[in-house]
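Order of writing sets the chain letters: A, B, C, D and E. Residues in each chain are counted from 1.
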């Protein structure tokens, strides 16, 4: 009786929550049925989960930077995806150069095989084969992206620092166009293989195949996330960032060096974007000028789902988006498999309907 | 009065005219664009038919951009609804039109209904999808709404793109389809063809009496045998009329108590509510009206204008182009929207397509290195031709986008309010300063009783 | 416009080229453009005729393609080599070429939908229709590979959809799954796992190198790599194995064979001019331009309908043989009214009344260790 | 009672801490202040009163480098400070408490105070303790999010933050606005004490009666110009001033 | 002032005020056991009070007592956690703000919320209720638009009058965002009055308004009460105003009503002095 009354109450007050709960139950039930029956092998399920985790971590990593700049500078940076792409291209140009300089001309290597440059199979870049060049590439990817972030901030955003968020957002669309097609200008517009898949060892863990590059990514992503967490928790910088997100004018009046904090924000955001872009290529094995742009909407979905300004929100949002886009394939088979991405977007919209501020909205955790 | 003085006098007069009359402003701008492109045609040695064709294209693209920029201005300029799902709403409009009107025997099959039903159906469908989008819109902050709309637009595009609905059967056994990634190629032909051809779907079917007369005239006077260019130009002019009608409609919406509430919602929705306005209803109505117009723009542009519907035409980039156009013109101003559409269509969309030809016409650069290093390498040896060849022959399309991006940044830094956004256009059906004694003498004689329609 | 022809006293032959030089097919389109403009280079200084040409970029986009095509038509080009992607070709044909009576000859669009265009004989193409390739694929799958079950993985566009269908209807065995994939995605794992889920005897992959690289990378990193694969012309890219990073020994493919009498000459000239191997559809592009030029010379005027009327006459059997190496002479003969037949770089170029090739030779190819494509078998086919 | 129209009549103070001369300032192209003169001596307590829109807040902001500088000079401790950025001005020893939105709502009380000392390498413990001693309620509420505190508490927090660097001059823009009467009194008492401890005060107040009662000297600002300058009580008793600005 | 106010007959103690409800005449505003919680914070904790017809009732209390939150709950800007709000006899708790305004209950905001990028004129033109032209079709279709234009012409007159009264007519064409703090408060008040309400809730309307103008505005409020029977509920920290003009006065403390009564009683109520006035005077 008591239960019934409570249930009715819940249904009236939080219909959305009830729908979500019921839908989740149904899906989990169906999933269990599939796993116990022979609709889905544990290995395939595990594969989906692992894939979802890897892509989710990358989205989360890239999302942290977007989230930080979003809350501190007050605008949605549509060029973030193209920072990611530049991170990928700059990093891999160097990784290629180091891995192949003993055998090939520098030009073709620096352009990652553009024109008549050497093929990836010949250069042979992989974490086990050329670990040093991979690490050097990562460092360059981070450094280069930090560089362009700062340069663009100086040239584009700083002169209009006081403009409203929409003006800045539209300027960032301009930056996005310019950056993306500058990649085409210097490199190429297709998709090109980069890593040497024949030299990437993989491990079979309970039927789930995990390769060394994916492991590398997970490790690096986690290290970077923990690093950012510590940096923001332990230093007064994190507080200054939150203060600026609260009220930039007051921060200025208080004596917080506003420009300095903004610069740091770009360094963090750009660096993480560059790292994410570099690592995305490590897992995909291919590189394309629009790789960041293609990820951008998913990253936005993750950031918004997690709540703008929240570092943990971005990470959680990234994981949710990553897992949702992979696990949905359990149900979306055949021609419907093209709906994996719409499912991720749909999920974001759904979350916003019930939590308009995002999962971690209102709680700044930077 | 010396002729010099006379000239400057004329010039000031003209400038004043432009400031006062929006019609003069738009017409002058269009005249300039027509001249520019006629000049380009002349450089490229076009014959009369070619010149008519280029004028037709200028008219067509100006009109379709103006149309959709106007619709966006209603959302963004007036109500502050940050809709970046424009491409999706256009897609809904044109797809619905195509699916309603495509022949049932075609591949994919359609319903074979009359074109008029298709147009209205397309607008209604876009409005309905707008309604569904507006429901979350009511709860969300501007930038969240933006992400939701772009997500919905992507969902729409991916749905049309998906093979799942390539063809499907409705419950009643009627077959219908989106054509998946190959789209719908059997869109009904452009309605203006009915003026000229006996069977509007085929130029070979013979000309109507009007068609015969007009084609005959052009052939006799200008020696134009390509009748298609005349049909295209006609369509452009029809679209210009549509733009005028939509402009009038939106000017009235803006210059009215309705528009005033929209403006208030843009500024502070809680205040609008606390002044007794049912903001949700205003937002929904506005969103639906704007989406219907976007659907219409989709039908007129991607449907009749190009004769086929493909999902890839509705990528988010299209939305950004429209946004760029609205910014160029100045958000909030309808005249600015038309101008912004014109500037974008002509200077950023069409002109770059002709630019390579003009450059090639002037200098011929044979060098054609296929990568950047090969292009810059020779510079050390003092050779600049490879780089130029690389730029012109290999990377000009990419540089066009770089240019668009840089221009956008420049605009945001130097003229964020756009060409006409600085004009404060008071949202009221009458001139508010009038009626007050102190302000009476200023400009009251200039104001037409209809308020904004012509001087917006 | 490269005004070739030097001091020749003949009239001007105008020929446009419309190709995707940027966008999704940009990488594919650039070499095809090179093939299409090679005749201009070869003829320069060797003929009485002045040749006027112009290249336009479709950006792999139907809308931009339409504007680009209009630019060619407005500039007075009566015939155009192009376009490449089937969507763009159809769109441009219906909205620009046909209404303005301009000849379009595509060197790369293989969609069966092009056959049925209501085109006043204005639209032609030098590669065979995929209706044929579907049959070739089916034959190879059952006979050469001996598979009784198959799955298809096709790129989600007109090319992929129709070719997958035409394979499925021609195939004698069971088609277990037809899985579509989007162009340019960053992972194809899920599509692969679906296609492979019922352990098919062969997997047909219809797509372009851009997606192929990713797809085969995903395949080799996640599966043992033993299932036989069959790819189509779109994936006949000698760089594929090295881009993928695998020898791809389980993969074979079918493609229209570039086996015209003039192929050898074409290959050398192409290498000379561009310093790289001719790619897929480059020889078809050469032939498309060559036939249009010949028809133009025969027509005696830069007029679309007149050229259209001569297309079959200059290409189909009967008369003096003209090959890529004798193109200059061919133009002179055509202009004089001599009956000629063009036998090209890709094929003998014999048009039926729909503007399609009457007969085609396909090759079954495989990838070589260390890059390169080798022909395993030639399969002749006639419609 | 002296009506000052030009700089000449303004008494010059040799020991002037803040010295504003012929200041023109505004927002963008819009000029608000016209030849404003202002002096605050070391340890002095000065108020600015005037009708709404007179430019009082603008004057404060101008001293702190937050408006568009258009001419004239501002000297602090005999060094020109016009054209400097706020964080530099803070280094010179000026604290500023804006009229509204003057705390960081999502930061805790302690964090808000820490921000006040951001320009230093580390937060001086004694400074923090001094603020707590002055405003014990803040010590009680150390961990509370500033945004959830009441209006009066926020006002104290804002003042505490400005005091973290122990400035020589404190700019206060309507510190009593919106406070309950007990807090108004309390606030003025606290300001008195801050002043007694040696910090010079420049304050804008609409609660002119109270402000004039307590200050050493006052300026009346009208339409961006100095109108009167006098010690507080004198202004309070001036019938013209009463009528025009103090509501009779 | 208070001598001529409509609540003259109210008895000496607060119970008598409540009696007004018993005497058969429903007061325009009755708040019953109103509650509002934010997460852990209870901002309004069971507040109950009434506002008599035509009165200028004062609502005072320490900072954070819940006055603004009470306003927000009454006017629908926030949804109350519990309790009821009766306006002219019907329960309006939880209704949309616009619905409440339509019934004639209007409020101003403590921190003025001007529509920054609209002119002062537009701000005021927005306020009148039930404008014909707010229907889309009427604004657009020719046969109806004439009526809209006529109505706009009439509203314009009223708006200019109001501007002149509030002494901001020189700012008519100015963007509201460029006004000074005090000017914004004036605009806020003028705009609320333009809605032609039956009852107004004013949240510290005079904070930051200079005293001369303040006196004039109070005169106007009293005039509106006398001539048009408007009812006012006023939050104010300036005790001079409360004592001189308000009757009765309701004192809130920690979310509930601590006391209510005539200003004189309140002044001397020990608990109120403790909680609110402190050692002042």
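A few remarks follow.
Here, a residue touches a chain if its C-beta (ideal position, glycine included) is under 8 Å from a C-beta of that chain, and two chains touch if they have at least 3 such contacts.
Remember, predicted model here, so these are calculated numbers, not experimental data.
The minimum number of touch steps linking chain D to chain E comes to 1. Shared contact partners of chain A and chain B comprise C.
If you compare B-C with B-E, the chain pair joined by more contacting C-beta pairs is B-E.
Separating the CA-averaged centres of chain A and chain D is a span of 46 Å. Centre-to-centre spacing of chain C and chain E amounts to 77 Å, using the average Cα coordinate of each chain.
Chain A and chain C, compared by their mean Cα positions, are separated by 39 Å. A separation of 53 Å divides the Cα centre of chain B from that of chain D. The set of chain B residues touching two or more other chains comprises 161-163, 166, 370, 398.
Counting partner chains per residue, chain E has no residue touching two or more of them. By the contact rule set out at the top, the touching chain pairs are A-B, A-C, A-D, B-C, B-E, D-E. Chain B makes touch with chain E in their complex at residues 249, 252-253, 256-261, 263-264, 266-268, 270-279, 282, 285, 289, 424, 426-430, 432-436, 438-439, 449-451.
Residues 41, 44-47, 49-51, 53-54, 57, 107, 161-163, 166, 180-183, 185, 202-204, 226, 228-229, 231, 302, 306-308, 310, 312-313, 350, 353-354, 356-357, 360-361, 364, 370, 394, 397-398 of chain B are the ones touching chain C in the complex. Of all residues in chain D, only 64, 66, 86-87, 90-91, 96, 98, 101-107, 111, 114-116, 118-119, 161, 165 touch chain A in the complex they form. Across the complex, chain C meets chain B through its residues 1-2, 21-23, 30, 54, 57, 59, 61-64, 66-68, 70-71, 73-76, 86-87, 90-91, 94-95, 98-101, 113, 118, 120, 156-158, 160-162, 180, 182. Chain contact summary for the complex, chain E toward chain B: residues 75-77, 96-99, 101-102, 106-107, 109, 113, 115-119, 121-122, 125-127, 129, 131-136, 139-140, 145, 148-149, 152-153, 156-157, 159-160, 169, 172-173, 175, 191, 195.
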